[in-house]
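For reference, the structures are reproduced in the following blocks.
Both complexes shown next keep subunit A, but they swap its partner, so subunit B is in the first and subunit C is in the second.
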Partner chain A sequence: MAYQTVVVKESALVRALPWISVIAFFILWEGVVRSGMIPPTMLASPSQVVSAFIDKIGDPNPDGAIMFTHFKTSIEEAFTGYVLALLVGIPLGLAMGWFKIAEGLFRPIFELIRPIPPIAWIPLTVFWFGIGLTGKVFIIWIAGIVPCVINAYVGVRMTNPVLIQMARTYGASDWQIFKQLCIPSSLPMVFGALQLALAYCWTNLVGAELLAADSGLGYLITMGGRVARPDLIVLGMICVGLSGAVIGFIIDRIEKKLLAGIRR
Partner chain B sequence: MASSSIANETVDHASERGRFTLYKLITNRYFLYTVSLVGFFALWHWTAVNKIFQNSLATPKEVLDQVIRLTTMNFAGNNLWGHIWGSTQRVLVGFVLASLVATPLGLFMALNKTVNAIVKPLFDLFKPMPPIAWVSLAILWFGIGETSKVFIIIIGTFVPCLLNAYNGVRLVDPDLFDVIRVLGGSRRDEIFNVCLPASFPAIFAGLQISLSAAWTCVLAAELMNSRDGLGFLIKRGMDTHSPALVLSGMLLIAAAAWLSSLAIALLERKCCPWKRSIDNI
Partner chain C sequence: MPKSVSEEVNEQFEKAVDDHYNAIIKGEIKEGIEEGTASGVLVQEPLNAPPPPRPAGAPPVKIHCEDISKTFIQKGNQAVPVIRDITLDVYENEFLVVLGPGQSGKSTLLKIIAGLEIPDKGYVTLDGEPITGPGPDRGIVFQSYMLFAWKNVRDNVELGLKLRGVPAEERHAIADHYIRMVGLEGFEKHYPHQLSGGMKQRVGIARAYANSPKVMLLDEPFGQLDAQTRMYMQVETARIWEKERRTVLFVTNNIDEALFLGDRIVLMEGKLPGTLKTEYAVNLPRPREHTSMELLELREEIISNTELVL
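Presenting the complex of A and B:
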């Protein structure tokens, strides 16, 4: 046999270490808060966070909404902004990658707007749309559209030139090459954008809600800070992190299903 | 001979020279760029003048005037340079501290299984939390001074630095390891002659990402609470309902973020000249 596959079996300790370290982290966290090393006004212990979560399921105090409402608001905003960003960003990026006129017209404006951090738009969106859903969707849209455009653009640009030349030789029109060659071969990059855009959208959702909102997970964090309730702050942070991770996982699954035949 | 490329397909235009036609004009790149920018600013001006957003959009001219006024006038105890320096200082301190810790830690995690087994799960726990979500906790812990702002920047820059250094080493071409082993290299040689140089591009990409994250974080921190900095200008513009001030703050922070990412790109070209990349993106 020319090649030999060596399976290195890791020791039991190395396999157990991740669990040990996570459990140790939580015990330590609980410990420093209980023993009073960190005053309870600054940090809540994991058990307090869990009990705050259970309270918040039915109790709208002190921030004026129950947990379900917070979740619903945040997911609604993030999802609307995300989908709009995909719908506008990906076709725009694809077109910019292949059609010179599209690139010439949109590239300079895109480059002008790209370096502005999305949360810098908050004051303007508050002026323009008030503090309702529209303003937050706008900020999330701005955040999500950048990775969509870039990835779709790069995806088209990375199409194998030999294939393009071959298609030309066989007399394919520009539009046919774009449709049948460039779009399929850019799909892995485009799907990469789905994850990236999600992460951007989710981060900026919190930013948008920190400043101007009346419900949502980011608002829960802000209110927790205002009424000095660290358990609510930590609860909000954990909910944001957890739901972001779950949505990312779902998108990853969908991506794997759809790309089963394309990715090598 | 002029040539351009789309999808790596190089097209030589030498043979296409000749008569000046309308078609050639409207497909000329620089012509299109000009049209695009002129159109953008014209549309902006038109929207502002016609009060599409009531009084909430300033014309480009007003924004420019505002920036010029800021350079000479004292605004909340600082002139424009003071505000820019305030933000830059925070970004630099947070960015340097975070990258000095995160990059070696990422490399170390990738090279040592035990460290990886201990740190990675904790890191995975914190990774999905947006840095901006730490703002409230930071204020509770460190008050509203400099420390809390730098803390948020550190949180925001730590993740991309560490992740890219880690992935940079993990994704090194295994053939390179085979080569250095065949040549009789020790573990030390493997690390210093293969892992580090091969992960340089990934590390720089991480620095690039974390620097732009740092600008977002400093903005978030300053919007929440501050007395100087570019975020303060934007916040003040929001409170006094002055779109010109908000827009000039936005433009300045975009310029600062753009310049700093340019600096990293130059540094990268100096440090790893072998790296190939897709040009003009």
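Presenting the complex of A and C:
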């Protein structure tokens, strides 16, 4: 009995640790800024960030848009780029994995483009699409398509070769094998791409919004820099981080449900 | 001009050779049989004796392998001969077992018949037609089951039918028939991960039968099962085969399995390249007993023969 009680106490402590760590982090942060160890021109305290958030809910100053608009713009851009990346990247990767012609045609180009950081596309994007939504979506699309292609390609490539032989002995055509065997067996990798691509898209959001913009979370961060308001910078950063984590969590749930439906 | 020494020796040698051949022609010396004489050479029995003449009234030949050899090129351009000079007939509705230890090329032989490998030499015919690639006329049961993990039992069994575009209703009827035959009724909606190894292999067998192939090729189908399940599956296989007569080529490394199932057992040499060694007819009534006296005697004989080679 006594031993069991000790175990329960320990696990309660272990469960509380993440909360303790987060709370301690914010208290430390607040203390460091308030005590003047870091001057307020260089870092905002959590309480300042919270009050900036409350102000920004209804006040478009000094960056020109209220909080809701920032969120809406960023999510719109990221989501459009993300969906387009999935729609193009996954079929392309699947085809490259199975059809020699697709692999021969697209693989070399893809390998060349892959190592270029998405932000490096910004100047060209401005030439091509100007500074509107299209340009930002393009940057995000470039960021998201890479994991889509790679995961779908590898997923098809990892199809058990004996299963392919088996399907051939049942008279399956190349197209039938691709559709009924390679695609289903690549699905776990493809679902992995949903997560990865989202992370890539979201992290490149700030970069995309370096393009002239009038709203967006990345824009809020840049504007905060321009008007020397650390509270706005940190507010933008925290919003990008938190909303990314929330969206990631939702996608993870969807992925698990879909996979469970397929695997059962 | 006097002859040189070398010319003289040469002349003498040529004369000796002429004499020798004249003697052979006259029948004074028999070439090639007399051991130990200067002119006789021991003739070795060819490693692969021609197959024994077919018994009169035997059923027609279903699969014919004509002198096939296969060499794999491994990494580093190393050639590994896997099977050599195999000539083999499988008769209609016969249960033929190819028995051989690991690394004797028996799976490669099966893959060549399946059309998944192309022999370097020789050819295979099915009903007199040469085999050029895989096809639904040969149903294959793989050692590692090879089921679609995302399809339930019925959909797995229906695979070949669906690929051929058989209408759904007919497909279900055929699948249900074979699911019943392998004793899996009630498991139609189960997924492979919910089944035991033996049950998975039953699905594999039902899937192969459902496609109504001309011949069944089984590649060590029970190799991954525990000993008890394996024995049970052998009994089941014999039962199914007697019900659904089909030409069967069954590859195994297990003597008891071969004796229990086979009408005929072809023994393969136990090292690469694999060659056919001997053939045993198992003329025992079915259903057989694993421990019947006749079976054990034949087992003894095969084992003693195997040890001689190894």
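FYI, the second predicted complex is superposed on the first by the 244 of 264 C-alpha atoms of A that agree within 3 Å, B and C clash if a C-alpha of one lies under 4 Å from a C-alpha of the other, contacts with A are read in each partner's own complex, and residues count from 1 in each chain.
By our rule, contacts are C-beta pairs under 8 Å (C-beta built on N, C-alpha and C of every residue); 3 or more make two chains touch, one makes a residue touch a chain.
What you see is a predicted model, and the numbers here were worked out from it, not measured in a lab.
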{"item": "Partners on subunit A (subunit B, subunit C) - clash or fit", "value": "fit"}
{"item": "Contacts of A:250 with subunit B and subunit C, given as first, second, both or neither", "value": "neither"}
{"item": "First, second, both or neither for A:259, with subunit B first and subunit C second", "value": "neither"}
{"item": "Subunit B versus subunit C as contact partner of A:158, first or second or both or neither", "value": "first"}
{"item": "Subunit C, subunit A and subunit B - angle at the middle CA centre, rounded to the nearest 10 degrees", "value": "70"}
{"item": "Which of subunit B and subunit C A:184 touches, first, second, both or neither", "value": "second"}
{"item": "Contacts of A:87 with subunit B and subunit C, given as first, second, both or neither", "value": "neither"}
{"item": "Larger contact residue set on subunit A - subunit B or subunit C", "value": "B"}
{"item": "Which of subunit B and subunit C A:169 touches, first, second, both or neither", "value": "second"}
{"item": "Smallest separation of CA atoms, subunit C relative to subunit B, angstrom", "value": "6"}
{"item": "Shared subunit A surface residues [contacts with subunit B and with subunit C]", "value": "160, 165"}
{"item": "Residue ranges of subunit C touching subunit A (in the complex, touch as defined)", "value": "114-116, 133-136, 138-140, 142, 144, 146, 148-150, 159-160, 163-164, 191, 193, 211"}
{"item": "Complex interface listing, subunit A residues touching subunit B", "value": "10, 14-15, 17-19, 21-22, 25, 41-43, 97-98, 100-101, 103-109, 112, 115-124, 126-128, 150, 153-154, 156-161, 164-165, 182, 202-207, 210-211, 218, 221-222, 224-225, 228, 230, 233-234, 236-238, 240-242, 244-245, 248"}
{"item": "Residues on subunit A engaged by subunit C in the complex (per definition of touch)", "value": "160, 162-163, 165-172, 176, 181, 184-185, 187, 262-264"}
{"item": "Subunit A partner contacts - residues on subunit B that touch it in the complex", "value": "6-9, 26-29, 31-33, 35-37, 39-40, 53, 56-57, 113-114, 117-122, 125-137, 139-141, 212, 215-216, 219-220, 223-224, 234-235, 237-238, 241, 243, 246-247, 249-251, 253-255, 257-258, 261, 278, 281"}
